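Please find one structure pasted underneath; my questions will follow.
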């Protein structure tokens, strides 16, 4: 097991470095640079101003030198300095990462739990109206653009009913502590997490349904029935557990991308997370920050993949031997 | 017929969903199961054997309509039983052992837990007792190291061990009726012999009524008290085992019995003066899997210093139990995999040292007939193309190649119209013929047949073997014939090589091998072949 | 193939899906002929609700443009983006997956690392960056969507090819002396394609959604009216004029739904076992 | 009404400022938040007359070359250190290094004298008409000498905890969420500020900002926080007040850059055709909801020396077509670059594109983000491009830079980007800036406006007004010409 993890980590480092180099080159291809952006924002600017900024950011150096410096930094776990925010990138990301993790993990857990639940129900009652209803609902969730759902949710739950807050991470200025704080954050979390989770919920529901129907045809389910086990037990113990394996794989692949995919949700709900940070960094050509977010997101993807593999190994005893 | 039956199936009629190949899966079947007796149900694939078994446990697929009949058990008609009724019955009174030991166990649960589930389902014993009982059962079915096996997952056991675990499960609650649906088909002969012994033994000790489904007459002759012969969902003959064997009434039964190959090798003309078609020298092959940067490797030695030769016009058999390396040798000879060491010579050409175009050209000299008639034909290509593709790749004019393909189809007994059809429109036997035609299309000198008839029903198997024999004689082919069925080997091979764990332990003319086996493994193998009775009869 | 169609047609979802899609494609192709005015033309007062002014059944948007015209022209762009980007993703994913699966070893490993690389970079973020960098235009959008959506194709194809490669009919092709390219093209790919087709139908749907998300972030092609653009643009005025987002929203929903239903139908059609056996 | 003391105001800030140190960062959001922390020497009334700020009084010499400022006594920095004339001198030195506008504004200053702690005297090389207009907090924020002297300004750790003299002090900044300012208890005006705290919320989505206001979570939406389409709806809500005041100093004027160097736009007739083709009233009424004014020329009507005595370009597609024909335009493709500042600007670009297409101009919209826009305009890589520019109250500060040929320099999106070059105009603006007294400046600017409007170097669109939307119980929020940017010093909350 440790050997396996070490091997995966070694591979991850290689992939991460490749991503750094690739993105570094990619981002530099974009028109404009941070000096240009900041000059534009100042409402007036001159050549001196722009030159000063470029010098300060090290953008006056040739590209290979910049790349060398950046990669050298990365290897020593230094993500560099944000041009615009005048702060170490690592610090900026560290400030925002928890919010994103909270959001995505919640969205992920909600979507997985509810998705699997609905998928199970649909498979259980395959061919009945309940199955049809769940399938159609899932398809609608799947097909509706997220930003639209988000706005509808805000209009419904914040504006019309005034049940839930529409923006932010906590009630600013309320200074809740302890459990009240948890409740407050929880209330803020519901709308973004649910909207974000809907698409995935739909995916998992459909996948679980299909997978369960597939597993049901396996011989060992017949064996279980031949034992005289009750149907509920068979569904849970024999069918569901086996059916979840592909769902786990898919979920693992998606959990990582969730982090990078949080841009829209975070924008609409003013959630102070890393997705927004990335988008803003992109618009401002804050190269180091943007690269930093990419590296962290990619690391997250790799971490999630690793976790998924470990879970998979824990759930499926066959894996250990096979590899 | 001393004891009264525990279960009687009367006039059972099960309808298949519309669009199936025939209206009834089971069409008016009646038979009884008697305590302490083994009833064997035989018949070719698709004849409705499993349907009967599933009906006995109420496990019929819901697309199957129970049209008529009755299954009388303990004063009840099982056909009209509701779900709760079945819960009490299944496992406790009627238990089943399924055909596929690979898939019949839940891969994510420990063996012990799966056995304990049997008690749990019927609310018997405490969890601790269940565990102990599971252990005890594994002892009873003779699983090695039961303490370890209870904690094992299915994939950690061999096929035979899994099958034993299945049997342990079925026997856990000491049912009155045991249904065994082809429980040994997937096992090699030696393991099969052990399992059969086990079932017979347990059945006697517990006085169970056993319904044993098989299509192997050898097995039937070893264990049956009574026999039911099914064809197309109908009972064509039933009676005491001896009667059915020695005095078969129905022509289908006669055909089935006749198709069982004999253990007695027919006399063969010596071929000593012929030239060598193939020479295999010192082949070694070790599979290495896993082995990443930090991972330990897993090594399997599939061929160890394998030496043999095949003369022109000769058939050499390669036998041995599953996993002994037979297919590996075949693939080495075909150069589907690369040897670690050793040489394969086709005539004067060193087949192992050429590559690229030269290799592709030389390939036409040696062709292969594959085991699975379903998997060996590309479902998306027309039969005509499948056969003509090879010659066209070697530069034959397409029109000529297709003309030749039509002739070949005729040669293997198929109509020219087959050219334009897709593989799925043919039966298993017909497909195997197509596979043979494809192998012949390149006019090879040598043919390698890896389990070429194992997937076929006995009757079809006999036809294909005859065809092969005939073609070989007419075209003067040499053949490497791989099988695990010693009966088949006896009928077709001039010489036989016995493989064990990657090495050839004995290589002799067929008659000599059967009459005077030298190596202990060869003897063991010969002893495990089921159906001494039938073989003596057929002889 | 007739059997395939029969199975497909027996699936009511699939039929509905095909019907909707055919309709959408018909609108995309023939709609602009019936509606020759540009969808960008400001034809009436802004914010006219639907069904109030004759000739403007779906009302007008914030600039007084005809919403119906927008939807008809938008069909072209949205479907085109969906189809072309999926084709492009397939064009990359299938060869990469096929080569990786067929040759395995070092080549396969390198190709899979390459795939993994693209899968590790968060896809939506990468799409945003790509479009921002290449500047929003239909080409860059299609390209970005294709670049982020090919890895799953490659993985799927590789998996299929890996398992097909050991099939006996492929080995039969090898022993009859066929070349690698022949084997990949004729023996393996045709048999690996059905799950790919199912996946592709879902990818078209995802691409349409992705385009709308990019549009929402202001990264759409400003010269082309797409449904995603309409939803994004109408979103800010949704409180005053629900119809501006609702109708294109429904259009997206219906086409994604249709593609999903078709995907599901295809899945069943390619996998007839699922249906026949029951429980 | 008697101001009430206490209370918290929640306002919206968009986008999130990159920093709050006004000396280093000059972007809009920074000014809006930090205008509470820092102060300038002067403030300006909506009519752009100077008002006392940190300077109590000021005087100008007869020859217009010496300006004397008397500073308020007893002013302290947030850390308790006294504010003196040395800080003023230091601030100017500081800003000359980091603040492009300050650099040019104070280029005319020969030397600065500080006879005592409360007096600052500026000696100019020559009279500079707009000089009294460059002392508001955005142009010349006072920077504490005791913190920055002798340090590397850009990396000084104090940049993260800005220290000024203003009515509010920096307290907390949760990146991506909010910035919190608290009352300065020792502010030099007794009883001010009235408020206890200000929260600036960062809400990136315009619709979400509107919702936040609607649901009562925020009380102040500074100009440009919500899309224009939402303004009428929000203003109709109960207890909501809207004002267009507070933009007099900036007087944002929008126009289309027309590339004078090459392509069809190099032709004056073509540019005039563009002016006729644009339905600017439609833009004002539909896109800006009736806010703002149709621009008549290079000067906004709210700044000094504005003249309406210029040629008029009413919406007249027929005339536009005729002019195009005269110009010999034959359907060459013209690239239109919209301003990437949200939906309003996007819609406007679409409407303009349609206007131009209607008269037969073959327009292709080229979309890009802020960085790309800056790059494309400042590198002159466009045919027609949207922009809007602040005018800073005086043509010498905000208008001339767009038209004089000395400002044709690559790399700056706010200078003479269109490449218009006319010696007459160069001279008019040069003379106008140094003429003294004020009355002497007017003729130069009258003439300049006339000439420019004839030449159409750029296509002027609208004088913009960004409405500030507040809850009506927020009182006295906007009192000067820079509105919210001047801080919440006088604001109070009626409970």
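By written order: A, B, C and D. Residues from 1 in each chain.
The working rule: a contact is a pair of C-beta atoms (placed from the backbone, for glycine too) under 8 Å apart; a residue touches a chain by one contact, two chains touch by 3 or more.
None of these values were measured; they are calculated from a predicted model.
Steps from chain B to chain D, taking the shortest chain of touch contacts, total 2.
Among all pairs of chains, A-D has the largest number of C-beta pairs in contact. Here the spacing of chain B and chain C, counted between their Cα centres, is 46 Å. Centre-to-centre separation of chain A and chain B, using mean CA positions: 50 Å. A straight line joining the Cα centres of chain A and chain D is 39 Å long. Each of the following residues of chain D touches two or more other chains: 207, 368-369, 372. Along chain A, residues 30-31, 151, 155, 267, 282-283 each make contact with two or more other chains. Shared interface positions of chain C, i.e. residues touching 2 or more other chains, are given as 132, 135, 235, 238-239, 277, 279. By the contact rule set out at the top, the touching chain pairs are A-B, A-C, A-D, B-C, C-D. In the complex of the two chains, the chain A residues touching chain C come out as 14-16, 18-19, 22-23, 26-27, 29-31, 139-140, 142-148, 151, 155, 210, 213-214, 216-217, 253, 256-257, 259-261, 263-264, 267, 275, 278-279, 282-283, 290, 293-294, 297-298, 301-302. Within the complex formed with chain A, the chain C residues making contact are 113, 116-117, 119-126, 128-130, 132-133, 135, 205, 209, 212-213, 216-217, 228, 231-232, 235, 238-239, 245, 249, 252-253, 256-257, 260-261, 267, 273-274, 277, 279.
Within the complex formed with chain D, the chain A residues making contact are 30-34, 36-50, 52, 56, 84-87, 92, 95-96, 99, 151, 154-155, 158-159, 162, 165-170, 172-173, 266-273, 276-277, 280, 282-285.
Those residues of chain C that touch chain B in the shared complex are 167-169, 171-179, 182, 186-187, 190-191, 276-279. By the touch criterion stated above, chain D contacts chain A in their complex at residues 8, 10, 15-16, 18-19, 25-28, 97-98, 100-101, 103-104, 154-155, 159-160, 174-178, 180, 197, 199, 201-205, 207-208, 211-212, 214-215, 217, 368-376, 378, 389-390, 401, 409, 411-415.
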